[in-house]
């Protein structure tokens, strides 16, 4: 096989992205754990990993740019590098969302505990599962696994909408609980965004592996298959 | 105006060497089509079958059909007639060494008996303009010999010479492989402009060049055509693994 | 070079105007020259060239462009090589049998034939070699323009090789210009002017030969002068052709 150095560079790029992915996944899991047990020291861990994530984002983009300029990649190599660049950005956003959640947890410590009609833990579990699965599909270059992540996004969206409805009702009817409700809403929002980023990553994996652009599959038909008749 | 080329069951031999096997493809009119593949894959042989230059070699043989603009070039026409309609530019620029620039461009016409002086002047000027060489040589047309130009200029001179006989198809066998990057860019820009008037088939080793100039690309391997599709598809998501391996540099 | 200097030394002393405008006179009479021999050589070489050059060039074109690899081409090449090796005296005898005997008399024509045949192998082989040196790319360029093969050969390939082909002709010319043996039985020589090609004709080499073998000092001196003039004329002729053709090539025919 020829282009050994180039093959190695591609492997190295994948390794770098996997390190980044590990950090992002860990950040989300820690943020959710911090929410569950209300442990501020875990919040500190999340803040610190944010720095590493940002640094890695810059390094990965630079490495990808160099490969594009120097090696004239084609076909699957080109799609791979393009996907890496996009997944890189989504992972950095996941890190941002993790930090947002940990900030909300810190804020919650200042408030009284409140019993709110939202199941944050279930949303969190689903979002974390989506992140795990989409990264697994990248590691194994498994387009089918990636496609299954796309389907999970609907559930998280639905939960977010329900949370919005329930929490605005709480804010109207029990205004003394408004700060807690707002906090919970922001956490729900952050989790919904994590799910979106996981979806994006899954779409990029499908693009890399199969060369198919499956983005915005919901399009304007609101969830229905735009190619189905009637 | 260019015409389409329809190739059916083309097989070619050099002696006992079966250099092309069962080639079928349709080359669209007024487009540039690139042919890529490793050395010895048959792409140059294929192109030479399109203007019957393949048979200038005494041990060469061809079977199958090639229709150019609907005309069966092997059964319904003579080689000389075909070559006036299908022009060729070679890998190494080959201007006629004993002739001036003017005479080089006019050679195809003059050697076929066309001597109308003013018409020749116009055709020479138009061809040199079409090959982006006019401005550089317009003052030395009859004073300088064709061989005194630089490599890139010589190749553009050869293009002008081919265009002067007003072909419908232009075959280019690795036209820029012997040229520096600046000359290569000029030739590529030229191909872009010429597409609207001619059908262009370009054989190239340089995949980036194929990607830059051609709408359709064919991948040849060991005498067969493995894949023929839009350039975009071939270079972003080819269907055949052999194509993928070649263009990503895994082999060849 | 040394020979040339020696020639000048020996020959110049006998050169005078008479040499160039007077015909030979019997021994003992003053004056006398080789005017008729000079003109005679020119005529013989002209006839020889008219026969030898076209045939030789045509043969060379055939060998290089149309008959490559064929049995006929091999036969032609073999014939040319054999002809090249034939001693000039044998050539003279052959032409004697073929031309002089049927015609019944010696003639400038038969002399020209002998010289012409001797020119053919050199012209042919040089033409072939020069044509083979034309790069194939040039031929392909012409063919790809839809130019018929014969036209491409003549207008492009031959033209490209023409400096070399002309050199070949000059080589052959210079070689036969000094040939004496074939003329002995064909042109035969003449002490006066020849009126027609069918008459015997004088030639410089012949005259030199006859004079050199004679017992007369006067004729010896004339022979030296003749040799000098012969060399000078050959050099002049070759240079003239070179000059004319080099100007023609640079102009780039339109």
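All chains are identified by letter, namely A, B and C, in their written order; residue positions are counted from 1 within each chain.
By our rule, a residue touches a chain if its C-beta (ideal position, glycine included) is under 8 Å from a C-beta of that chain, and two chains touch if they have at least 3 such contacts.
Quick caveat, the model's predicted, so the values are computed rather than measured.
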Item checked: Steps in the shortest chain-to-chain touch route ending at chain C and beginning at chain B -> 1
Checklist line | Most distant chain from chain A, judged by the mean position of its C-alpha atoms | finding: C
Check: Using CA atom means as chain centres, which chain is nearest the centre of all the protein shown?
Finding: B
Check: Whole-Å distance, chain B centre to chain C centre, using C-alpha means?
Finding: 48
Check: Quick one: chain A and chain C, Cα centre-to-centre, how many Å?
Finding: 96
Item checked: Separation of chain A from chain B, taking each centre as the mean of its C-alpha atoms, in whole Å -> 51
Next item on the list: Would you pull the chain B residues touching chain A in the complex into a rising list?
Entry: 207-208, 235-238, 244, 247-251
Check: Touching chain C in the complex: which residues of chain B?
Finding: 51, 53, 56, 58, 80-85, 87-88, 90, 92, 94-100, 102-103, 107-108, 111-112, 142, 145, 158, 161-162, 165
Notebook entry, point to check: Which residues, counting only chain A, touch chain B once they are in their complex?
Noted result: 1-3, 6, 72-79, 211
Next item on the list: In the complex, go through chain C and note every residue touching chain B.
Entry: 69, 135, 137-138, 140-148, 151-152, 155-156, 159-160, 162, 249, 252-254
